[in-house]
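The following blocks contain the structures, represented as structure tokens.
Heads up, the next two complexes both have subunit A, just with different partners, subunit B and then subunit C.
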Partner chain A sequence: MQPEVFDSKHAGIPYLILAATGVAGIVGCVIGAMMDGRQLAFSWLFAFIYFFTLCAGCLFWILVHHATDAAWSVLVRRVLENVASLIPVCFLGIIPVLIYAPFLFHWWNLAPGEDPLLDAKRGYLNHTFFIVRTLLYFFILSGVALVLKRLSTRQDGDGNTWNSVYMRKIAVAGIPLFALSLTFGAFDWLMGLDYHWFSTMWGVYIFAGAAGSSMSLLVLLVTGLRRKGYLSCVTMEHYHIMGKLMLAFCVFWAYIGFSQYMLIWYADMPEETSYFLRRNVASWNALSIFLVCGRFFIPFPLLLLQGLKKNPKHLCMVAGWIVFMQAVDMYIIVMPMLHQRGFRPHILDLCTLAAIGSVLGLLFLKGLGKYNLIPLRDPRLKESLELTN
Partner chain B sequence: MPEYRKIHGLGAEFPTAAALFHAAEKTRDKGFKRWDVHSPFPIHGMDQAMGLGKSWLSAVVLLGGLTGLFTAVVLEGYPSLIEYPVVVHGKPVTWATVPAFFPIFFELTILFSAFSAVGALLVFNQLPKWYHPLFNWERFTRVTDDGFFLVIEARDPKFSEASTRQFLEEIGGMHVTLVHD
Partner chain C sequence: MSAATIEPPPGPNVERVPLILNERRLSWVTDRISGIVEDRTPFWWWVAFLVTSPIALIGLFCIGYQISTGVGVWGENIPVGWAWDITNFVFWIGIGHAGTLISAILFLTRQRWRTSINRASEAMTLFAVICAGIFPGIHVGRFWMAWFLAPVPNQYGIWPNFRSPLLWDVFAVSTYFTVSVLFWYTGLVPDLATLRDRATSRVRKFFYGLFALGWRGSNRQWRHYEMAYLLLAGLSTPLVLSVHSVVSFDFATSVVPGWHTTIFPPYFVAGAIFGGFAMVLTILLPARAIYKLHDVITPQHVDKMCKIILLTGSIVGYAYSMEFFIAWYGGNAFEKAAFLNRAFGPYKLYYWTMISCNVLSPQIFWFKYCRHNVFIVYFVCMCVNAGMWFERFVIIVTSLAQDFLPSAWHVYHPTWVEIWTFVGTFGIFLSLFLIFMRYLPMIAMSEVKIVSPFADPHHHPPGAQEETHH
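Up next, the complex of A and B:
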């Protein structure tokens, strides 16, 4: 195996595009902050949670890779590690959310005694604990991501197989920590938008979307790198496995989403139905139907085809579509709290996406150039190279 | 004693899974069609080494799953929406009730897929089978322990006792034996 390092100094055009969109996005956000703070708050939360789920999903795949001592994913692991190591930066995006919390979270402004329902939840929903929890998620998720990347890149240098053992141990401990952080993060930032409403499926729902879309993102990134001449060792067998995982999580998302919907719809209890009533008002209804079709009914039959999964071009189309649908999913979760009368797109939605996405993209490209694109001295590298399935 | 039974084929034993794997590749390249390998455990990539191609099982399972889905649609839709349009649990008697039917759609799809998978598996593997000529070969009993075998059947168009025996010995087969029905 030859060392392959991404030449980030000469990745000119993507750099320029990202820098341009980033500047445009940030300028747009600043102007938006002066003109319509409320809209900016919701658009920012939408963009933040979208990129956060993508990064966190990549961390999930690394954890699974190490915990199960997997072999196939060795070749693509470094790409996942590069995305997951963006989590600390991504978390900086929570600062505007905290600043704009009074716009976003209705409960933030209520004094004790104003709403007995909130008073009953005060032990959990109060300002101090909210910020403490956010910090906890930050330290846990960033810590796990950075330590795993550190050990993995250290192995590139010293070739010590004990690194793999340490990573496995950290991953096994990290899985429950990751699950708790993502679940309660989803509770705090998304379910907390309507503090009356609750769903025990919520954390799993967000996780299902995150895992599926980040596997799709991985397919896109790997294909992009292959097109530039890197990662030529990734074969159609790897694509096949990534496609199978996309299929699995496409079904899993639908399963969880439907389970959440059907129980609420069937029981028809007012404190639970509010979520879906809000998302089926006027044009939101059309968007909700689009979400169900686009996130499940369209990709599912396509991903069943074996030939499609072994064709990078076709798989990329489906992967791109799923990454897009993840944005729609997050949009439908966040935005109906602001535009209650119906779907109303706003330029700030794009500005926030561009701002956060471009910064993360630039850092990703820069980080990609620092280490080998594959963990060269991983003990299971040979197995991954000779993968058949 | 004159041998009056029909010839089933020529069997050869190989010392390791790797040896069997490479022997299978050579047999495939030689153009034999009616032959099989036997080992105590599944060997990764053997289907490619034998040149088996894609199994038809998935097509059968897809058909089974679609049959299950169709059955569920008819089983639920016809009585609930057409024959007895009764309001149950305050849900409308229109297509909008369809989420209540989804679990059955899903379950019957899975059930029929599973049945067709098991059924097709038995048919494709010609199971259950009460008799197989290979068990007339004494060494073959080791196939469940540490024996790796390759058998070329006599009905293969390229089969001829002398040249096939020579071929099996060339590719490293040991104890090449004529197996009778």
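Up next, the complex of A and C:
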């Protein structure tokens, strides 16, 4: 096989579009910071968590690839690695969250003695430990993503199979670290928005959304590259598998979401129902119903069709929809804490998305041009090329 | 590029190991697996059956005694209204999960190694579900009224409560059992035809022929078979998740501290797969040794199952930690008390046994040596089998024994009837499995042949090239 390297220097229009939206987004955020810091804080958290879940989801798929010694995903793995290696940059997005923490997290402002419920969990919810934990997640997730990418690209050069063995070992050790980081990150940044509320399922729920939407993102990125003439070796068989995984995680998200909702609804305990009561009022209720329909009932029957999964154009439409619905999901988690009376879209929601998304997009395109688009000397490459379902 | 110019990459050999070892031919697979059914009943089988069947009879006697005398022969009493009965139900239904996971989910994800173990696991699933089904029926007390569980029209117009997860359980378990039987039987058809064709007696030929449904192995039949198998796999996959999720709803929809927590559905499913795989290994490792099936159930298969046990054991450990953490974080005094009571109360021995067996013991599978040493594997599987029973006991009994009203607190002890009913279900389970081994192929011959290197038209066995030159 011939090496394929993305020509990032001549990416042209995508670069310009990303740069323009990035600048517009950043300028918008700066103006927003001066006008309405509270709105910016929530909009920023929404955009940060959205892109963080997408990047972390890609890391999850790399971990699964190595841990299971999979072959089919070799051809698309470098794209995943390029997205996952954005995690360190993505984590820089947590800095405004920390700066605006007093706006975001009510518990941040409460002194000891003001709320006995908070006092009971001060050992966990305190400023220092919160920052230490965030740093821990940063080091763990960034470290795993970067080391795996380093070994993978090193194999392009030396072809040594030890790299595969090391990657497998790191991935296996990385799975529990990933699970704990994502869970407690979800507890800190999202569940902590209402420190009275709790759900043991929360980490699994955020994981389910991240994994499904990042597989959809992969479909979009691979198709984009194929349109530009790269990754022509990715066949309908690979699309079929990616589509099946999208289907599996579409159902898994619904299963986890339903279980969480149904159990809280059934038991009807005030300390738990507060989460859904907040999201089942006024226009939030309409958006919540839209989430359930859009994230499950619409993509599910479509993804059951084999023909659709093998058609890149059609699969991309569903994938784009799922990536959009992931944003809606994160929006419904974050925003009702700010606009309690109903759904109120704000221009800063778009500015923050544009700011973070464009910076990540630019870095992604730049990163694509540094290495081969395919791990050319991976020992499972032949199997991946000859894939049949 | 010619083969001569390809150099192996530097570093260790990471080539995939074949799923059938020692270049065993397709005929060897047929002879060896069919031979288990066709040969004379071995002496060890009679010894084993004469041990398990009386135990099964003792279990049946206990059930009869309990039905005729009343639930009072058990140690259950308010507030502990559910104890060994429901513990055993959840234990057995959990074991019944691995079979369909292996046959359905691993089929859909194209895990070809499943072929060596799926048939025995599916059979194990059915027998485990039979054992599980006994307990909800007999624990209602008036067994002859158990038909009330089903929504049957009756002259009083009395219907079961459709909002109750206990009713969902009836639907979930019966659907699971039905689909599992269909799936198992569909997979059996080509192998039954093989046994029919090899039969030497007219009786065997008649019965195997009857159940082989006229299978001739034609192209059209295979096409229909594969479509049916795929559809059944697709139908079974949500059932694997739904059955134990519904079982978890039995507890989690309540407001009992220690029972009501949102992570229960996936946690129960992971636990079921965990316990199920341990039981698969518990049964298959001796069977493999007795029938010398090491070339079909290879170290690679054992290794992969150990990894699944490690993964699901760790997921269960994650769920235990989440429960404990949120019990503290949530700030609910009752919830906190329930968990502290589990770890340090009268049932602490059960709790720490559960933690040691379910979370700690599988961690040994991080090491390849331990995954390849059958004695260690067997020991861990026995720990997991025990641990998963203890888990259900801890969940059910500790939460009930010390609930909201301290004056009602009561430490539960089982009676001999409960103990022997449970032991009896092991007798039923093992007796059924022994009968299965004698009369049906315990390894899916047709499926194993498909993953054999000889099924690949490009495969060149060692020595084959030299033969063609001569």
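Methods note: the second predicted complex is superposed on the first by the 389 of 389 C-alpha atoms of A that agree within 3 Å, B and C clash if a C-alpha of one lies under 4 Å from a C-alpha of the other, contacts with A are read in each partner's own complex, and residues count from 1 in each chain.
The rule is simple: a contact is a pair of C-beta atoms (placed from the backbone, for glycine too) under 8 Å apart; a residue touches a chain by one contact, two chains touch by 3 or more.
Note that the coordinates shown come from a computational prediction; the quantities given were computed from them, not determined experimentally.
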| item | value |
| --- | --- |
| Fit or clash between subunit C and subunit B when superposed on subunit A | clash |
| Which superposed partner A:Y266 touches (first subunit B, second subunit C, both, neither) | both |
| Touching partner for A:L220 - first (subunit B), second (subunit C), both, neither | neither |
| Between subunit B and subunit C, more extensive residue contact with subunit A | C |
| Which of subunit B and subunit C A:A179 touches, first, second, both or neither | second |
| Partner chain(s) touched by A:K121 [first = subunit B, second = subunit C, both, neither] | second |
| Touching partner for A:V204 - first (subunit B), second (subunit C), both, neither | second |
| Which of subunit B and subunit C A:N160 touches, first, second, both or neither | second |
| Stretch in clash, subunit C with subunit B, out of 207-215, 369-377 or 423-431 | 207-215 |
| Contact residues of subunit A, present in both the subunit B and the subunit C interface | 262, 266 |
| Residue numbers on subunit A that touch subunit C, as the complex places them | 117, 120-121, 124, 158-165, 172, 176, 179-180, 183, 196, 198-204, 244, 251, 255-256, 259-260, 262-264, 266-267, 269, 271, 377, 379, 389 |
| Subunit B contact footprint on subunit A (complex, rising order) | 258, 261-262, 265-266, 268, 304, 306, 388 |
| Contacting residues of subunit B [partner subunit A, same complex] | 44-45, 48, 54, 58, 62, 89-91, 99-100, 102-103 |
| Interfacial residue positions of subunit C with respect to subunit A in the complex | 9-15, 108, 110, 238, 241, 245, 249, 252-255, 260-266, 314, 318-319, 322-323, 326, 328-332, 366 |
